[in-house]
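Each chain carries a letter (A, B, C, D and E) given by its place in the written order, and its residues are counted from 1.
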Amino acid sequence: QQTIRVGWTIPAEESKYWMMRRPAEFPNIGKAYNIEWTQFQGTAPMTQALAAGALDCATQAPLSLANGVVGGNLKAYIVAQHVFEKAGGFSVYWAVMDDSPIKTIADLKGKTVGISVIGGGTQGPFNLLLKQNGIDPAKDIKLVEVGFAVSEDALRQGRVDAVNMNQPFAARAEAKGGTRKLFSLSQAMPNIVHILEACRADFVDKNPELVKAYVRDITSGMKKALANREETLKAVNEVLKAPIPVLETYLLKDNDFGRDPGAAPNFPAIQKMLDIYAETGMLPKLDVAQFKHSTIVAPLQ
Amino acid sequence: MRPVTPQKPASAIIEIESVSQVFQTSARKDHVALSDISLAIEEGAFVSILGPSGCGKSTLLYVVGGFVSPTSGSAKIRGRTITGPGPDRGPVFQEFALFPWKTVLGNVMYGPRQQGVRTTEAEAQSRALIEMVGLKGYENFYPKELSGGMKQRVALARTLAYHPEVLLMDEPFGALDAHTRTRLQNDLLNIWERDRKTVLFVTHSVDEAVFLSDKVVMMSKSPGRIREVIDIDLPRPRRRSELLLDPRYQKYVVDIERMFDETDPVGSPS
Amino acid sequence: MRPVTPQKPASAIIEIESVSQVFQTSARKDHVALSDISLAIEEGAFVSILGPSGCGKSTLLYVVGGFVSPTSGSAKIRGRTITGPGPDRGPVFQEFALFPWKTVLGNVMYGPRQQGVRTTEAEAQSRALIEMVGLKGYENFYPKELSGGMKQRVALARTLAYHPEVLLMDEPFGALDAHTRTRLQNDLLNIWERDRKTVLFVTHSVDEAVFLSDKVVMMSKSPGRIREVIDIDLPRPRRRSELLLDPRYQKYVVDIERMFDETDPVGSPS
Amino acid sequence: MMPQLRSTSIILGLAPIVLVIALWQGLVSFGFAPAVLLPPPGYVFGRLFQQLVTWTFQQEIAATLIRLFAGFAIAVVLGVSIGIAAAASPAINAVVRPIVRVLAPLPKVALYPALLLLLGFGHGSKITLVAADALFPILLSTYYGASTVEQKLIWSAMAAGTPRYQILFKVVLPAAMPSILTGCRIGLVISCIVVFLAEMITSSDGLGHVLVTAARTFQAVDMFVPLITISLLGLILNGLLGAVRAYLLRGFPEA
Amino acid sequence: MISPSALARRAAPVLACIGLLAIWQAASLALKNDSFPTAIEAIRAIPDILGDRESLINILASLRRMAVGFGIAVSVSIPLGLLMGRSRAVAAFFNPLLMVIYPVPKAALMPIIMLWLGVGDITKTLVIFLGVSLPVIYHSFEGAKAVEEKMLWSGAAMGLSPAQRLVRIVLPAALPEILTGCRTGLVLALITMITSEMIARQSGAGNILFNALDMGQYDTVFAMIIIVGAMGICLDAFFERVRARLVRWSEPQFDLPLSFS
């Protein structure tokens, strides 16, 4: 019986949460193969762990994965996708206080702006938008790192003039009121892919059947998550420890991220993101094809 | 044993009234170090305490110094109960207790500086005292660099430097050779005669006690009590060479030594 | 000053050959504690060292003990150069150096246990020694609960307990009252006569030195040298009461005391 | 004699560091670690010397040092004074002891988000975090050092007329100095770690920030430059502390 | 029968804790800051954590790692520290090395540590080990340096070999100082037990805490902080008891006569 070492994070990998929390629903887990779960703080450490060979598969953001490839000699396949920004759904946005004089992106000039991770996945589209509005992100604003969890507080306390918002914090902040959306990432590009599942190429090549089984389970996990919202809420609650009433306000609703029913990666969208990163100078030009495995990719039945 | 009635002359500067001191040992047993001690010391008197090792001499000095408060009874200075140490009573500890982070000069200057004497003056006085105890040239040595007897002399100088009214000296010459000892005995007597200090002086040498004192307190063990108080009726100023030939002096020494032999110095803890 | 030629009889157990000891003080100056000391000690001899405070007596014992290595010269035991301490030479330190985490009994038993003596036997021996030094009943006291003199006696017992061939005693009776001191002198003499140990004995009491020794080494300061070596030609076994009346004894004492007075004990550091 | 002793001890001290660097080189050369995770030491030191002369890198170092020193200084002042006060006064001890017991083992990083909001993203929050983490080792050492001060030293000073509160400065403080300095040494190392950690979590400057930005983009060499820098800073600061110690404790037998 | 002063002494810790909570409550009410919940909110979240079987398993996993890390650290650091204290050469050898290694934040070395040791227990135990060993080494070091020379000489004269002297004289003589180091080590063990789970998490108390932190569930964060504080009190009280037994011989005989009461 083989084991696959998987890294995960919070908050939006419902398929994996199902696999962790409801293993009985998956005929193979714990029988045909085992999963050793390790949770990480953010995707960047997981990239390092993949590069160091300490993990076999992990949740990744396009940028962190690309960074691993460029700087860390990482070879990996994108085998599934967790969430993306669907049209009309949630898009990571920058919020300001209701009474703030900042009305447009151009008003951000000279202000203090919070971003969850400097140099992180959201910064490419963010920089693009600023540039389009005549702001040099390096000189014209003061950028500070404010994790999503404290962004609402930082904004309300006046520590920042604008800050990025993500679920579930956005839902919570909106429920309280007093803030408004300034702009969202979807303005830079539609259907941004936020997190996906990547596996080390050497591991996949050595254990194709094992990874196949894993991807199959991710696919079916995604199905179950979408099919049974009630149970998904419970599983997410167990993992995130966020109260169900809060989750209820957004999870798998219209104001949430999008999920592909088969967890299929949207390679063109990812390519577009890589292009934006290249355009903003965060990465050299990359071709998404190198992340594509011919057979092992969701959806797998 | 004869009961000792406390003598309380009008001019007593220190009165010890039925003081007992009980220590708790680690074995959680009570150990009586002093048992019902009463003693009055006149102003300006030179009183020696003699007694077998472990009979409570040091403890008695601690009580008068105000460092420990007795389990029962009380000690008074000029009629006020002693509740703590004060610059009126200067101790010279058996273990020296020099400040390791200060040089010889720093140790000796500590008291005068503390009393508000100006630095230059304090230094001059201290240097004179250091010379008196024979440590000229060692001013900048740290205590760890001194021999046992040298440390003892620094401790003596440190206490003399701030001119306490009452000196509480615990075997201050114990680690000194005969010659140095004699010199310092004379120096001490000179200071005492000049300033009329009150001195409470613990010693193991009967000679020394008789030579220096107005009064010798003999303690006995099991547990620490006063056995006898002997007035030494010898003329002052005393000179060792004369005194050695004085039959009264010799009689005192012989008497006290005999008394010692009668006591059993080897008691067991109560 | 007369130069002292090293005497080296065939049976010398300890030979000190032009030993000098220089300390570096914190003030970064060299301080000469011993200067060109040569001395031979015969097997089974009782040798006392007399000298002014700070003349280097303790330092000399440390060299023989092997605790410090001399800056120049060497010390030998039975012809072998001393490179470190060993159970053949037992020190009694001026500062006692008891193990504070052990009780009186624990301290005394430490040596015998280390030598592989069985616990019950070591305990019996140790209890006997503790009784000998007059501390019966204090077996379970910790050092911090003892008086100065009591600590000193524990230190003595601790060293006697493991039967070193050579005893290096640094004022071992300095903190004791006259009575206890006399008793322990006698005990020490008995042990010495029974086991024919070699004893190197630092003291400040001329009396004591003459009473106990075969040979008295007089040191002088500025810097620490041997001034005189005096053979004490008195019959053994010696009994204090007899000796006190012996004119030869008195002459030794008076001679040595006079010599002392001739030296200036108060030197300045070189 | 002394200079010779010092040079042998310097050689002895350098030896293991050279060994570590050799081991590092070996790990890289023999492929135990890919160069993207562990760059060869030659590269790292080369980059370090390049960087050291640049104004921007010096500013990063300055930012880190300001936080480090400020936090450490606050920790020393608070730790020593509270520790001595607790040792000297049973009343204060009764209050301080349980508070220390509760607060000391708390993971202070968990409070960092709250600190950020309270004190902002600048120096304040990081200095506070450093001080909070370095405080307790110093406080505990001071407390134990001060409560075992030889009784008779205090008695001697009191008898010389030293007022009670002055005893704390004139006797307890110097007598507890060996223990206090040991606490400071530990506090200093912790300060180095924590200032770095704080900068790694949220910051826009400082060595920790340099490190995370390099780490995210897998610039292994640039990641090791701040690491080596903090390491060297630790060594230098500790050397300084050692000199201070040798001076302050020159009278003590162990110095 | 308890005298009033003894009663006051007993009550002092409780009062101090209540006082601390009261200050917290007041501060959080005054600051009105979501990431700084009130004491009452935090206390209310405790039963949820302690009532949850999974959380308990998590906490126990952390404690186990802590115990292992602490145990190894103490058993390695004390001999090393003592050796450094008694031998100039050993001190000269290790001192700079330690001072180069310790200031490096372990979190920054995670990629390499993961490379060799993975992300599991070993890595976290190593982090705890490093945290604990720092104070223990240095307190043992200084404690051993301060051992009175003549005690060692006495031992040597009784025929103790250098190794025996280290164990039978330096160790007990330096024990009070070593235990001070251990107590600081205990504090650091609890802290590193939590922080070692910050970046990579599998199970543990830090897992709960940092998850809550990432999710902005500040009442849980602070409830965990209270729980860790409570563990600190218990471990510390236990430790003090052990300490009192081991070094009774070194306790000062009188309280510092300095009370300002």
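Going forward, a contact is a pair of C-beta atoms (placed from the backbone, for glycine too) under 8 Å apart; a residue touches a chain by one contact, two chains touch by 3 or more.
Values in this document were obtained by computation on a predicted structure and should not be read as measured data.
Distances between chain centres, each the mean of the C-alpha atoms, put A farthest from subunit C. Chain centres were defined as the mean of their Cα atoms; on that basis the chain farthest from subunit B turns out to be A. With centres set at the average Cα position, the gap from subunit D to subunit E is 17 Å. A separation of 27 Å divides the Cα centre of subunit B from that of subunit C. Inter-chain centre distance (subunit C to subunit E, centres taken as mean C-alpha positions): 48 Å. Counting partner chains per residue, subunit A has residues 48, 51-52, 147, 149-150, 153, 157 touching two or more of them.
In subunit E, the residues that reach two or more other chains under the touch definition are 33, 35, 111-112, 115, 148-149, 198, 210, 213, 249-250, 253-254, 257.
In subunit C, the residues touching two or more other chains are 26, 95, 142, 145. Of all the residues in subunit B, the ones that touch subunit C in their complex are 23, 25-27, 31, 50-54, 57-58, 94-95, 134, 136-138, 140-142, 145-150, 152-153, 171, 174-181, 183, 204-206, 257, 260-261, 263, 265-269. Those residues of subunit A whose C-beta lies close enough to touch subunit D in the complex are 44, 47-48, 51-52, 64, 67-68, 70-73, 117-120, 142-147, 149-150, 153-154, 157, 159.
Looking at the complex, you find that subunit A touches subunit E at residues 5, 7, 10-11, 37-41, 45, 48-49, 51-55, 147-150, 152-153, 156-157, 168-169, 172, 240-242.
Of all residues in subunit E, those touching subunit D in their complex are 8-9, 12-14, 16-17, 20, 31, 33, 35-36, 88-89, 92-97, 99-109, 111-112, 115-116, 134-135, 138-139, 141-142, 145-146, 148-149, 176-177, 180-181, 183-184, 186-188, 190-191, 194-195, 198, 206, 209-210, 213, 218, 221, 224-225, 228-233, 235-237, 250, 252-261. By the touch rule above, subunit D contacts subunit E in their complex via residues 5, 8-10, 12-17, 20, 32-33, 37-38, 87-91, 94-95, 97-99, 101-111, 113-114, 117-118, 133, 136-137, 140-141, 144-149, 151, 154-155, 158, 164-165, 167-168, 172, 178-179, 181-183, 185-186, 189-190, 192-193, 196-197, 200, 208, 211, 215, 223, 226-227, 230-235, 238, 252-254.
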